[in-house]
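Here come two complexes built around chain A, the first alongside chain B, the second alongside chain C.
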Partner chain A sequence: MLFHLRRRFHLLGAGTRTQQAWTSSSCLFMDPPSCRSPGLVLQSQSTDVYQNLALEDWIDGHVDLQRRSILLLWRNRPAVVIGRHQNPWAECDLPAMRRRNVALARRRSGGGTVYHDLGNLNLTFFTSKKAYDRRRNLQVISEALRRVRPELDVQATDRFDLLLNGRYKISGTASRLSRKSSYHHCTLLHSADRSALSSLLRPSCPGIHSNATPSVPSPVANLTEHAPSLKWEELLEAVVQQYNSEFGLISPSRLVHPADESLFPGVGKMEAELRSWEWTFGKTPKFRVETQLELRDGQAAAGCSAELLMDVKHGLVESCRLDVPADWLPVRLSRSTGEVLLGERFCPHRAAAALAALLRSESGQLQGRLRNLCEALLAVMG
Partner chain B sequence: MAAVTRGSFSALRLLLTQQYRRRCFRPQNLRYNRNLHLSASRWDRSLQMVGARALHTAIARRGAIVQFKLSDIGEGIMEVTVKEWYVKEGDKVSQFDSICEVQSDKASVTITSRYDGVIRKLYYDVDGTALVGKPLVDIETESGSELNQEEDVVETPAMAREEHTHQEIKGHKTQATPAVRRLAMENNIKLSEVVGTGKDGRILKEDILNFLAKQTGAILPPAPHFQEIQTPGPAPTAPAPKPVSTPVGVKPPPTAPKPVFTGKDVTEPLKGFHKAMVKTMTAALKIPHFGYCDEVDLSRLVLLRSELKAVAERRGVKLSYMPFFIKAASLGLLHYPILNSSLDEGCQNITYKASHNIGLAMDTSQGLLVPNVKNVQLLSVFEIAQELNRLQTLGAAGQLGQAELMGGTFTLSNIGSIGGTYAKPVILPPEVAIGALGKIQVLPRFDSDGQVTRAHIMKVSWSADHRIIDGATMCRFSNLWREYLENPASMVLDLK
Partner chain C sequence: MKMAMRAALRCLSGNFPPRLSRLSPPALVPATRLLYGNRSGCWRTFSTTSVHCKGKEKQSKTSSSTREQGWTQLSMRTDNHEALGDVVYCGLPEVGQRLEQMDEFGALESVKAASELYSPLTGEVTAINTELAENPGLVNKSCYADGWLIKMTIEKPEELEKLMDQPAYDKFIKSLEE
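For the complex of A and B:
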């Protein structure tokens, strides 16, 4: 098949390449010896976080990175992205995100939680496992910034963050290593909404105990707060130029759409997996919820509280213990409430359906109290 | 041993006798001592392997156990945290299958298997710290499978690379693991003729089996669920772990043997929502139900809706028949409030509910959920349609919350949207009545002049709690509801 590709390449005309949409992935990712440029810069036309993450996965799995490197530039509509082994309930405020229509995505690389919006630039450096060098990649960014705005002092830390003026974090890093390839991606805060960032990146519920990777919060700043004249396009240009000069490449720059199946066959399936509940929530490492529920009688506080102890594995409730004062609610009822949640997703909607069904089977004065207990329980689930 | 190229594999195998293998095979023939990944013999299973570190060998019937070590991750990293296991002891793995996920310093790494075989031991628990260069898992390799010595990071010698996954046939590269190539060779199949369905067009075991199935016309049972089918004919030289490979290598005999069905019953505990439904339905059937059915001529309503549909769409709302059914029910409940009531536990008191919170049975991925439209007595048909749209969107997304699911006082189930005519709905406590609506059919009916005409007929089935509701009440309510729907213009008179 490679022979046919090479022939087609010559027919298309090897010469100066202008920006154009590509019709097949074989053209786009041809072997370096035949297309003369072992580097490639891709810009995603999509602002959907799942599509962009699926594109990263696709490139990581389908492109031979042994002899070429790729830089992918992308940005997303407001979304919170958690690391591979993190706990979304501990990292971000899920009810607030639902109200503001902010998506939640789990990426495949490690590291901590970040907030993405259209003022945040994402860069992914794809290389072979041998050429994996995060420090060098970060140097591309810091040098590019130094070129366009020399007054900004941008340094990489030993945790692979980029600090502005020694204080403010403008970039965080994460990476993924597979059998032969690797990618290192990082954020770059150009003009993101900082108030949304700080209000959404806080836990949904109290009392979570887990061994999931915790995020390390840091004070952040946007580049435009310190260099207001820096435009988005200028930043992109500078980064691409510096990427080429740092790695000694001549990389053509291409616009691609991650949902294009002809360019990236199979990317739709990857996107569907990234959107699924089983990936986003089901991959949460085992954790425990231990908290107090304030009980109410009608609207007034009942003056007593219940203890909740819940173990959650793969996002499903593995065990649930509710210790409610027996004079407020019979033990039988608190026990049924705990039982009915077993095996269900740790999700307020799924639990609401189960609890609504349970409430139907109980009637009388206690129904009101039981209903309040259920409400308090659901508030814990985010 | 590992230096044998694939091309000479078949020839060598035939050449070597047991004696010759014993004689040839000495520890000093091992070229990769330093890697410490070496397997015990694939020629002779009882020979002990000697290396710098003691390795487990199979005195057992199958292959030898190999210690799979955590290879160098790069950047001088010496230890990682094991975050997730994809396999457990006893699982079968193929080369390149994912074994586990480890994390180090914001880098997430997937460790893939280098061998085909069965996992025999996991050296770490989740959240344990794994050391680079130390064993990660023990894999019992399949007998006769070649072992790939290739390191991911270090350049491999040419010999080992050749024996890797590529097979050059007629200038095309065909990818297949050693076990698959052996299977193909045993069955005299040319890999170039097989279509690979694995990653990068790799040929998998399933592809070989499918190819054989097409050739022989045999129907292959799926491997894990069926026992070995006994077929007359020579058994293959080495017992492969999968039972399907046994009958495959043989031409089918003239009389096909009767397949033995060994499917097993699966028992699983009832959990979560389904457990709660059991409680609900048990409580529901304690209510003495009676049923009452009728049919409604919706011809005029069908006309009305077709006129109003466009208007509603311009306002951004999808208008179905349900808003009309719900509003008509609410108008009826104003005249018969006992149908919108609740009986207490000891059947001592009856509570007439002020709000008409009419529930709508919804079939979702989780099961039967009944969100309700609150205070229908205050809403117009359009507002009801809006609210229904919102509930349907939430239901489809699995995001119906407590507010939507609780507080219903009366329920309508539009089972006719899926199918059916008459039904026997079950009352949802603490309510006292429920209606099931069948599908709308076009049927011949006599009109007032005695002529046969086309009519849109829908069947309705009501159930009510006979402890407090009698047949006459239900009948009158149903008649009123039916009148509103058969003459939609009359609804205008009574709309509040």
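For the complex of A and C:
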């Protein structure tokens, strides 16, 4: 398998040795000598965030970027995308996302949390490490906008954000450095749902202490709020034209589907990993939850609270201490509640399943109080 | 930026083939200086694809065949700080975790660039620098001293033979820049 992939890796960049019939993947990435072009613009036909992230991974791992560069343009149905080392419970409102069917994805690059929808354009600039230049990539965008809408003032900051009119963030950047290649990707707010953005990008869980990379919130704006006539297609065309102009390329633009295994063999497996709980939640850096749970007796407030101290590692409960007033709930029950959760996913569904047996073992007022304690605990988990 | 690119290129080594069967390619962390102690106690310098090792060979007193056991301390190399920038997050393995050569043992994130850390050797993690959790910037400020990453045993000393010593590494880096 390794040898096979290494051979394909070599041939994707070779450009000339085509003695055998190759799959369409190699045809896509190998131009015939007569129209050799070191650039390629790909537009994803998918709006699935996991498929698109998998495509990025695939290109990063399989294409020889020493001699060519690629610009990938993509957009997603509503999704929240967190950075490689971020904590989803701290960054976004998971229950609200579930209610609104908004996906959560963890990308492989660093940086902060962003909201994607069909009004947000994602651009990924794939290059060799030698050619890695985020500022130049952002210039592609700012120059493209200057050409189509010169009245817009778009500038890159030293954090590689793009600001509109000196105030509003319209683009955020993140990157990944691999062995020989790099990619720099960024968002571009054309016409995204800003109210969804602000309502979903808030913590699910109170009292999180962690060294996960935090997001830096900024006021944002859509391009269409300041240039209402700017159509999506016009923006795309301007960016592609400017990309070719900036890098001196003649890049054909091709539509591709990221789930096409004939073009991207193995991409399905990459997509599966990105969808998995182990990747999305399990890669969260270790964190501690320290918070108070307001206790209830039935519908009424009980007038007392419990202290929760929980350590979560790899998304699993590593330790759980509940200090509940002993006159409200026997210590044996609060202790058992903590113990039952050990090793479980920090997830309200899994925790509820784990606690079900404990709840069934009690009755009457104690069961009611225990249920209320469990509900308060589950609410913390997002 | 070109300086940064040159520094980034120093990450490369021809010794390890890309692990394309992995879901993500072996991302290079800036290489660090490998110091490996030989029997006479002198330090020798090696370079690897990803991290530098400062280590010691030890004679095992309990074994009748005097099998040597070494340990190594991995750090980041100063000339790669430019490429990565200020480290804002450092993820490290567990003590006791066994690593095969080229296994991912952690990850670094600098200002918006993420990359994985790959083990140059096979062995067991014996210590991790817990200071880096609170203060990841130590990797930039004091990479060989307070900013060390992990310590691990050397299970297969023959793997060291395949690493480049300092003169070979310098020659290799120079060839990349040409």
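Going forward, the second predicted complex is superposed on the first by the 353 of 382 C-alpha atoms of A that agree within 3 Å, B and C clash if a C-alpha of one lies under 4 Å from a C-alpha of the other, contacts with A are read in each partner's own complex, and residues count from 1 in each chain.
Assume a contact is a pair of C-beta atoms (placed from the backbone, for glycine too) under 8 Å apart; a residue touches a chain by one contact, two chains touch by 3 or more.
Not measured: the values here are computed from a predicted model.
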Exercise for review: Overlay done on chain A, so just call it for chain B and chain C: clash or fit.
Suggested key: clash
Exercise for review: Applying the touch criterion given at the start, work out whether A:269 contacts chain B, chain C, both or neither, answering first, second, both or neither.
Suggested key: second
Practice item. Report for A:371: first if it touches chain B alone, second if chain C alone, otherwise both or neither. Key: first
Review point. Per the overlay, which chain contacts more chain A residues, chain B or chain C?
Key: B
Check your understanding: So, does A:323 touch the first partner chain B, the second partner chain C, both, or neither?
Key -> neither
Check your understanding: Which holds for A:354: it touches chain B only (first), chain C only (second), both, or neither?
Key -> first
Practice item. Figure out whether A:110 sits in contact with chain B (first) or chain C (second), or with both, or with neither. Key: both
Check your understanding: Can A:363 be said to touch chain B (first), chain C (second), both, or neither?
Key -> first
Exercise for review: Using the superposition on chain A described above, determine whether A:176 touches chain B (first), chain C (second), both, or neither.
Suggested key: both
Review point. Given the touch rule stated above, what does A:344 touch, chain B (first), chain C (second), both, or neither?
Key: first
Exercise for review: Have a look at where A:290 lands relative to chain B and chain C in the superposition and call it first, second, both or neither.
Suggested key: neither
**Study point:** Footprint overlap on chain A, comparing chain B with chain C
**Key:** 61, 83-85, 108-111, 129-130, 132-133, 159-160, 173-180, 182, 211, 213, 285
Review point. Within the complex, which stretch of chain C touches chain A?
Key: 1, 5, 8-9, 11-12, 17-28, 49, 83-84, 88-89, 91, 107, 109-115, 133-134, 136
Study note, to complete from the structure: As the complex stands, chain A meets chain B at residues 61, 83-85, 98, 108-112, 129-130, 132-134, 159-160, 173-180, 182, 211, 213, 283, 285-286, 317, 336, 339-344, 348-350, 352-364, 367, 371, 374-375, 378
Practice item. Under the touch definition given earlier, write down the residues of chain A that touch chain C in their complex. Key: 1-2, 5-6, 9, 57, 60-62, 83-85, 108-111, 129-133, 135, 159-160, 173-182, 211-213, 269-270, 273, 285
Practice item. Under the touch definition given earlier, write down the residues of chain B that touch chain A in their complex. Key: 73-75, 83-84, 96, 101, 103-110, 112, 126-127, 152-153, 199, 269, 271-273, 275-277, 279-280, 282-284, 342, 344-345, 366-367, 369-370, 398-402, 405-406, 428-430
